[in-house]
Structure formats: structure tokens, C-alpha cells
């Protein structure tokens, strides 16, 4: 079955910061073409998990498999080469640079012809146009694409980061709380964008604290708790309040009805 | 193992003058079986480093310290060293309280080139560019004021640290004794006063820089450049007509005398004393009437004090 | 949307040029000879060495670093290239290559220490400054290397343009500035230099090899110092072991006057050129005014502060 | 929770002390006289002036600034206090006060330019460095001021402790370090210095008058430079217009070796003391080993890099 | 009537950044003891508004009244003196400093007795204990209060900033998206905290994109749109979807039923 093919898998990941154990042997599975929501309390280790998956940090123990093959991501570049794009929670933007520049940072478009191949000139016009189009997709009312990111409102800044990750991924898109600072309209646009990405055949990991969003869009829910995976739930079967109960530890994983679990 | 330890502290180590002095001291120390320690300031005027070096050398067991003073601030440290039985000899630059001074007279060096320039210029009205060291340097002031006195202009005496100026000195600029800065200074002076006919320079690198500037402006012919030091390269420049005349000094001699005095003190316990003038000689390619000078050949033989 | 106003650099970037203009007007009014074409061409010649060093320094400061070794590397490079040519009789191009190679090597060492061991650039370059200084002195015996072949000093020669003589070296300097300006503004790797200085962690996370960018910048700076070595040889016709002692402060001053932030990520290389020229103009103008040297130091101090104040105020106005 | 381990400073802050220990062991093994109490006391005397300057420098660097004027202010202060006492016959305490007053005034000017006109500290202090140098030269006529009254040099006197002679100035220096350490660590205004350096905007937003903190730091640094003036007078028994030429780089080096970040907000003043002593130990130890001065520069360059490397590696280990 | 007494009022505030007009003549009223929610699209000018109210930026035009008297806040210090505390969206924390230090930044507690009055020694123990208590209130599982804020997870960091604002206010508390990065549990704790603050008699301004939160807690809703105030709504009367419609401009302000407006 095509949909059960596992794109990305992690086994027993451990990450310690001094005395704090952020990841305590977490397992993880992402299937092809699915939207996997990752939820959990603050400090549960969600961001640490996806940082390990995207090469931003190197786990102390455990292994990561991509398409069934073990991989070692030492830097985000490794992950990017494998077609994985990530939008981090503490937005990775260069504040003094413009929106268009931030969108294309590390993936700049060069001019055609000699100017591009010999003089390596950037096609600023094209990048600007693409940036305008991408941001219009998200319906963010940004007045000028050549303004520095540091002059944007919180939500506008987040849109820039989300748009970047969605635009360039070829295999897996990881979004860490992409809608946190967004308004209702913009948040819905991002959900729309995520669906479109999935429909292109990419797998999406979505971290969110917004339960309605999660239940609206997720195919499966990975519940993180105290640095481990508490359960993987099926949003079609389980209720929102039970999910929250599992997340906060009010409901033990073994008490979850079997049909609510996802496989 | 019981070699006498002698310390040599120079102003810097970037000036051939002091490098030669160090070489002279090393050669003499080797000859006489002494151990030489050396130190220097980071730049001219770095008295703090010299004081530290005095203290460290005393700790290391030096019985004689030779020093080219960067400023009178070292005097108290010298006194402290002397109180511990260390002989302190001033080389090149005098200061109060040294047991002995082996030096040239920088004021006199200035006078000699001043006289030469005056005579070489003949009766023409003088337009002089003064390419100095940097503000507040005693050697710079002595050479500068000496030059002006020798040229017959009104100037401060040998004790002053202030640079005199008269209407004849149409331009003055600092060079740090450095060729590139000397060139820049001369270029700017030529903009200010295109008809400069005499250039005083603090040392020979500055003179070479000035010559470069003149040459680029196509004016190297009618201008008299005078300088001080008489280093081997400088004397060669005199031979090439870059510099008209230079006052030659003898750092090797100073150093060798200092080391010898140190060894004497270690062996016999007798301190050197008084002022020994190691001499200054005017070296010029073309002698002028009324000013005694030596030829380039003599200058080459003597340069830095080789003989 | 794409009006002329959008195309001009924002007023905030004009600060250094305004300061330069103010300085020029003042000297033009107070002296006779300042505003002659010959004098202006001369100032350019005088700043060409520091100007080229300051290009390298700008790159490093844009990455939030600093390079104290630049002047000493320049001196070392000039000693190496002149000695190789004069004493070992190497062909001039090869000797030049060796000199540039040495400065580039030092740039590489700086870069490796900064990127691999993550040492602060200030300390690294303080160390290499001392090392380069010592090697220069030891290798040259503190002696000036003269009799440099003509062909090595060609860049110091001048050509007439109207009545005015311009040095080829000045043309080279301007060309380098324009090249770097283009690179920083219009190519991906140039933009990455800004990104690394602006937010290194974010730059790493978007998948740019920040260490490689940094290393590249240090190496490239080394190349510029090597070119500066050649220019100083061309200008003075000798290899001078005492060169480069004040160039590091001068170069940093030019960069900061030019509006580049010492915290990295913000600035413009053409501003540095303006900054370097401001320093040269001050020195030239004050000498022309006949200000004596202690007073020159005093006035330079005050004028430097005034220049950035003009800059700063023009920025506020521009907002 | 409150174990001993928690109370000790984290290993990352021990870096400079480790570097210091390594340097001492090396010199102890290679020379006879290094590890004598007299020599160690001497080193402390030699670093006391730079040590006190470096306190002011640390404060400024903690706020993400830099002070190039420190050495020149120290020289100016020493000229003022000695001249006032020797030439105008002012009572010694009053003369000292005047000297400290002048450096404090310059600190105030630095601070005002940084906080009011928002100029970069690098440029401001570059300017005041030149101004202070010129004033020193003009006012002193470039002449050393001697015959300084005994009572003004009292801090240079020593007292016996066992066989060893310690200077009172060293005691003052250590006391100042401890005081500033306490202030920075245990008082609100001290913590605000860190906060301003760490995130000035956030500090402003929580309602701390950041400009006042900054201004205070610059003024206080001026006071420390004034005290350093007194110490240099005490150490050399003269007012020296040539003093202070290398102290700014030395002081910054001590701060950076001591583990304070040039980007502000992170560091420890006691590290600076260790850093200053490392510089003094290197100079002393190399002279004792009989290393000649060009080689000293070479070795210092390499050792400075090694010292921070040790520091850096011990930090990584500490994580 | 006590509850209609106006604590804080703004009239015709304008703030321009270059060509961007962030505030375009916005009016604003805050009543004593109420929780006023401010909602609006991304870039609608919500953060700019509260920055003007808290002295973080100085508006170009318009005036601010506090308890009926005109005030001029030139810096956040002025606002703080007037008893106003603000938790900004781009969290104003000093990353290298510890949690306890950040909580008490600018409001440090000194030791009792001579050590405090003469030596001005900080009472670190007391501050640490208070910090632990405050964070426990919010049920954030932070393991050590002496860890630097830069080592915290996104949500934990936000809790620090929220706790600070709530702890020290005497008159008005302004919270800019306090729950954006918070988990379900922690978010509810913050709502709880806001209620407690209100019950102490303080007025609260809450910016949020989370409609359920807004409807759960707000007494009145200020809708910001394109740099102006579109309407002030009564959450007891109006539906969530109508509110969103007003916010996004789908419903014109004049079409809102009169009883849904708040006064």
C-alpha cells in the first residue's frame, strides 16, 4: 500500500542539554503523503525532535532512517540535500535583509544567459515577483517586498518563514508552530497551503498547539510527552478532549481505546 | 655558566638603527663571553614596556642594562635598578641618572645638515619642508631644532621638545619615520608649496619617501634633501643623489662599548661613567664650501659603525 | 512602484558621502590648493593602499568579525614579493604571486581558527598580527628592500587625463571596489556574507554553509591584503618592513566611517571607499592648511566624531 | 538542588584561569626565577596599571561597546595630576582629584556621544583618543613631569608579606576587582549592565533607563582610568606624556582573554584580571627565558591564540 | 457606574514607518477592571497600538489619556511609573540571563537590612523562590530557574514574559499574544492568570488570534483593521463567525446589529 510507506523514521533518539534531557528515547514515523501533527505540552521536546530530524542538532543517541536507509544529518545542509525543508519556531530569518531575500536565502535564482552563468548575477526581479506571488497566496497584506524583515509584524514574519519552507521542499516539509502568530484568515491560508503541499505528494510534519487546526488537517497525531512519544492517535476516531487528556498525562496511553490509535 | 648577563633595551625593534645596535651588542657579547638579553617597546615612546623590561631583567639577574630611553618616565625604574647594584648605561638617548651615556648628539646632527643645506642652497630664498617624526618625541625635536639652528633660523635650544617654525619652514608634517608616510607628507607639502627647495627629514626612510614624491612630481632635481642616521642604505642613497647629505651616527659602536662596559663591571666591579660621544659625521656626495663633510665612500665604510 | 526614488540607495546609506562632501567643502573654502584636480588625484593615490586593505576589512566586519592583522599582512606580503624578486631573482609575476600567496595563507589561517576552533576574530587576528610582524622583521632583518624591478612598481605610474595624473593603482582600487560592490549586491554568495553577519544561526538553519562563507571571506581578505602589498610596493618603490603599523586602525576607521556596523550584516563597501577618502582628505587638507601636527591629531579626533555625527543625523532625517 | 557543583562557576568561566595556570607551569619549568615569590609579586606590579584600565574596558565591552581612548585618558590624567601638584603646588589629594576629574569628564563625553547622538563607541573613542593625546602633548609640552611629591606615589611603595614585597597599588587593584565583581554580580545596577549588553531593546522595554546605564558605565570607566593614572604615576614616579600608547590594545586583549564577549552581555570581570595577568606573565616569563624581543612578539602571538584555544576547548568540555 | 469608568483612552493615534502607516488614526478605550481583547488581521496595527500605549514608541499624532488626564509616554519607564506593564510580542527578554533574573529585570528585590540598604545586595534567594512560585502558577515544567532563558523552549520563554507583566502591574496589564506559543494546558493557565489579575481590579488588554480564548475571557472586543478601529463588539451577543467577518472586512461595521456592539 502506497500510503503506508514510511518516508522518515527515527528510533530511540536521545538529546541532552547539560542536565536537561530534551529527548529521552523518542520514536517517530512519517508516512508518504501524509500530514502528521506533533502535539505536546510546552517543553515536551517537539522542537528538539524536529531539529534532530532536520539536522539542526545532532542527537546523542538513536538513529534516523530516510526512505528506509539510515542517514546521518550533521548539518541542515545535509537535510536540505535530501529534500527536507524546515520552518523553525524561533524564526530563522535575517532581520536586516528584505522579505524577498529571506525567502530565497540559500536558493537564490540567477539570471539567464551569460550574466547568470559567468557573472552569477541574481535575478532580483524574478525573485521579487515570485515573492509577491507566494505572499499573495497566503493573503498577507505586506505592502513592499523590499522592506527589511525586521520591520514586519510578528505574523507577517512568520508567513515569510512558512512560505520559504513550503516553496522549496521536495520530500518532507517540517513546520514548527507555523500558525502561532497568525490571524484567523492567515492561519487558514497556511492550512490551505499545507494541504496543497500534501497534494503535491510531499509529507508534512506540523507542530501545533491549535487543536482545531490539528483536527482539521492532520492524518495522524503524534503525541509528545516528557521527551518521548506517548501515543500516535487517529483524529478521525478520537475526540479532542481525549487527545488533550493524553497530551497532558490525564489519560494513560494504555487506556486509549485501540481503534483510536493510528498505525 | 657564570656568564655576566647584560640587558639591552631598545626603543623598538623595527628601526634598522636599533636592529644594528642589537647586532653590535650580540657580536660583542659573544666575543667577550657575556649573555645578552634584549627587549624593546612596541613603539617609540612606549616607556611602560621599557620599565617592565628593566624590572624583568633585574629579576633575571642582569648586572648591566643598556637602554635607549623612550622617555624620562623610565628614570625612577632605573634608580630602583641601580639601588640593587645594577649598572645602567644610556645609549643614544640621554636621561638623567644613567651611570654613563654613549651617544651621539642629535642636536648637533641637526646642525650639521642645516649648515650643509644652507651652504648648498647658496643665496636663494629658502622654502623648507620639515618631515618630522611624530608629536612629542625628544629626538625628533632635537634634530628638527638643530637643523633650523644650523640653517641659521631662529629655533629652540637642545633641551626643548617643541618644534620651532619660521616663515621659511613652509610646510611641516609627520612621517613616523616611515617611507610611505614620508612620501604622503611630501606630496601634501608639494601641494601646499610647489616651490619647496629644501627638505629636512627625520631619517632616511622618510627621505626616500620624500624623494619618491618629488620624482613623481618631476621636481627631484632642484631640491636638497637632508637627513639623519647614516645607515648603510641611507648612505647608498646619498651616493645615488637621493639624499644630499646625512648626519651619520654609530649605533654598533654604542652597543659594543656598552657591552664592554658591562663585562668590565661584572669582572672588576667598576662602573662606567660620563658621556662618551660616539660621534657624528656629515656624509655628502658633493662637499660644499665651509662645511666639513666626508665622502660616500667613507660613509659606506663606517655605516652603522662597522669599523 | 519602481520610481527613481526606489532605485536610489536609501538616504541612510548616503551618510558617509555627505560627510565626505562636507569635509571637501570646508577644505575647499579654507585653502587655495585643495580643490585642484591634481590635489584630488593625489589624495586618491594616498588612500589607495588603505583603500584596498579596507575592502578586505569590510568583508570581515560584515560577518561581524574584525581583522587586526591586515596591516602587518600587507607589510609581510610586500617584503616577500620584493625580496623574492630582488634577492632570488624570481620573475616579477611569480614574485608577486608568492607575496599574495603568503597573505592569502595567513587569511586562511585566520579563517580556519575562526571557523574550526570558533575563536573570536579579535584574538585570532591579534595573534596573527604579532606573528606576521615578527616574521616580517626577522625575514627582512628590519631592512628596507630596494632596487625593486620597474615592472613591479608599474601600478604606481600615472597616466594623464586632461591635466591630471592618475595612478594605475587608483584605477585598480576603484575597479576592485566596483567588483566587490557588485559581488556583495548582486550575487548569491555576496548576499550570504550579509546573512552570516546578520544572523549566523538562521543562516546555518536555512542550509547555507556558514563556515565556508566565513572561511571564504577571510581568504579573500588575505588576497586583498596581498594586492595592497603590491600597491604599497608600487607606491614607495621599496619593500618596507615598517609599513602597515597604522593601517589596521585606519582601515577599520574607514569601514566604520563608511557606515558598516561593527556588529555585522549591515553596510556597503562603497561607503568604505568614502570613509577611506575622508581619512585621506583630512590628512591632506590639514597639512595644506598648515596645521601643525599635534593640532592635526586634535582636529582629526574632533572631525572624525563630527563626520559620523553628520552621518547619524542624516540617517535620522532619512527615516 | 543546591549542591556544591551549582555554586561553583560553570566550567566555561574557568577558561582564562586554566590558560593562566598553563602559562605559569610552562614558565615554572623552563626558567629558574619565575616561581619566586618576588617575581610573582613583580608581575602583579607590572599589570596593575593595565589591570585597572581593563576594569573600565570590561564594563564598556559588557555593554557591547569598546573604548580605544582608555590609554590616552590615563596619560592625560597622570599629566594633569602631576602638573597640578608640581607646578601649581596644589595639595596632593586635590591634584589627584583633578586628574581623576579630567578622565571622568572624558568618560562623560564618550558616554554622551554614545547615548545622545547614538554614535558607534568605536568611532567616539577613536576621536577622544586623538583629542586626549593632543591635549596631553600640548599641555605637557611633551615633557615628562618629575619631582612628583612622595605622597602621590605612595601606592607604588611596597610592604613585606613574608619575604615578598607587595605594592599597595596591587592591593588597590585587587580590591577594585572584587568590588566591581560584587557590583556586577550582586546588585541591580550591575545586572542591568549585563542586560543592556545582552539585549538593549528588551532592557529598554522592561523599563530600565538604558541610556542612563550606558552613560554611567562610561563615566565609571573614566573614574577607573583616573585611578590608573594615579597608579602609573605611583609606579613610575613621574607624569609621562608618552604613557598609554599600547594600553588600549593590552586592555582589550585582557578583557577578551578573560572570556568577555565583544558582543556584550557575557563575561566576568575576574576573568579580565586573569587575562591581564596572562599578558604580564607572558612578557615576564619570555624575558626571563632570555627570548629576544622579535621572537617574544612571535611567541606572544602564538601563545595568545593557544590561550583562547585552551579556553574554548575547556568550554566545550564543560557542556 | 464604576465599571464604565475609563482607565485609558487614545484618540486619533497615528504612527508611520517610512511609507508604511501602521496606525491611521486609531481610537481606543479601556474600562476599569475589564478584559479588553484586541483582535485583527496580521499587520492590522495591534502591536503598534499597544506599543504606543505603553511608551515603547511615540505616536506621530493623537493623544493618550490615563484616568482622564492626558499623558505623554516618551519611554516605557513613564508607562511603568503609571502602573502599566506590557508583555511584548517579540518577547523582551535578555537571552543570556537566567529566568529569575529576567522575571525581576528592573524590579529587583534587595536584601533586608544593611546588606540591602548600604551594599544594595540583591536577595537572590527570595527572587529565585518567587520565580519558582510564579512559574508553578502557570504549571510550566521548567526544571531550573537558574538556567539561561536562551535554553528554554518557545512556550517556556513566553511564560516568563507573561509572568513578569502580570506580577508587577498596578493599573493596566497589556499582553500581546501571550498564548501564541503555549500548549493547551499552559494556555489555559494563562487565561486563568488573566482572570485573577482582573479580579484584583486591574484592567487587561489582551491581543490574541485565538478566537475561543477571546470569547472565553473577554468583556469587550476591539477589532483593529488597517490601522484603525473597525468596531467594538460584545462577545456575549455576537457570534464567532460574525466577529471574524468583521475582522477580515467581510462584514461592514455598519452592518453589525446594534446590540452586538459594546459601549
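Every chain is named by a letter (A, B, C, D and E) in the order it is written, and numbering of its residues begins at 1.
Criterion: a residue touches a chain if its C-beta (ideal position, glycine included) is under 8 Å from a C-beta of that chain, and two chains touch if they have at least 3 such contacts.
Not measured: the values here are computed from a predicted model.
S.K.: Please give the intersection of the contact partners of subunit A with those of subunit B.
M.R.: Both-contact set = C.
S.K.: Give me the fewest steps it takes to get from subunit A to subunit D if each step has to go to a chain it touches.
M.R.: Shortest path length, in steps: 2.
S.K.: Show me the overlap between the contact partners of subunit B and those of subunit C.
M.R.: Per touch definition, common to subunit B and subunit C: D.
S.K.: Need the most distant chain from subunit A, centre defined as the mean of C-alpha atoms.
M.R.: B
S.K.: So which chain is farthest from subunit C, going by the mean of the CA atoms in each chain?
M.R.: Here the answer is chain E, farthest from subunit C.
S.K.: Hey, how far is the Cα centre of subunit C from the one of subunit D, in Å?
M.R.: That gives a centre separation of 30 Å.
S.K.: Please compute the C-alpha centroid of subunit A, do the same for subunit C, then give the distance between them in whole Å.
M.R.: From the centre of subunit A to the centre of subunit C is 44 Å.
S.K.: Just give me the whole-number Å value for how far the CA centre of subunit A lies from that of subunit E.
M.R.: 29
S.K.: Hunt down the residues of subunit B that sit against at least two other chains at once, touch-wise.
M.R.: 13, 43, 135-136
S.K.: Note the residues in subunit D that touch 2 or more other chains, in rising order.
M.R.: 134, 137, 294, 297
S.K.: Got the subunit E residues that touch at least 2 other chains?
M.R.: 144
S.K.: If we use the touch criterion from the header, which chain pairs count as touching?
M.R.: Applying the touch criterion to every chain pair yields A-C, A-E, B-C, B-D, C-D, D-E.
S.K.: Report the residues of subunit A in contact with subunit E in the complex, numbered from low to high.
M.R.: Against subunit E, subunit A makes touches at 17, 19-20, 39-44, 47, 89-90, 140-144, 147, 151-156, 159, 177, 180-187, 209-212, 244, 247-248.
S.K.: Per the contact definition, I'd like the list of subunit B residues that touch subunit D in the complex.
M.R.: Residues in contact with subunit D: 10, 13, 22, 35, 37-43, 45-49, 51-53, 55-57, 59-61, 70-77, 135-138, 141, 161-162.
S.K.: Quick one: in the complex, what on subunit C touches subunit A?
M.R.: 6, 182, 186-189, 191-192, 194-195, 198-199, 201-209, 265-266
S.K.: What does subunit C use to touch subunit B in their complex?
M.R.: Its residues touching subunit B are 31, 33-34, 36, 38-39, 42, 45-46, 49, 137, 141-144, 146, 156, 158, 232, 235-238, 240-243, 245-246, 283-284, 287-288, 290, 292-294, 296-297.
S.K.: Which part of subunit B faces subunit C closely enough to touch in the complex?
M.R.: Contacts found on subunit B: 13-16, 18-19, 43, 132, 134-136, 163, 165, 171-174, 176-180, 183-185, 187-189, 191-192, 205, 208-209, 212, 216, 233.
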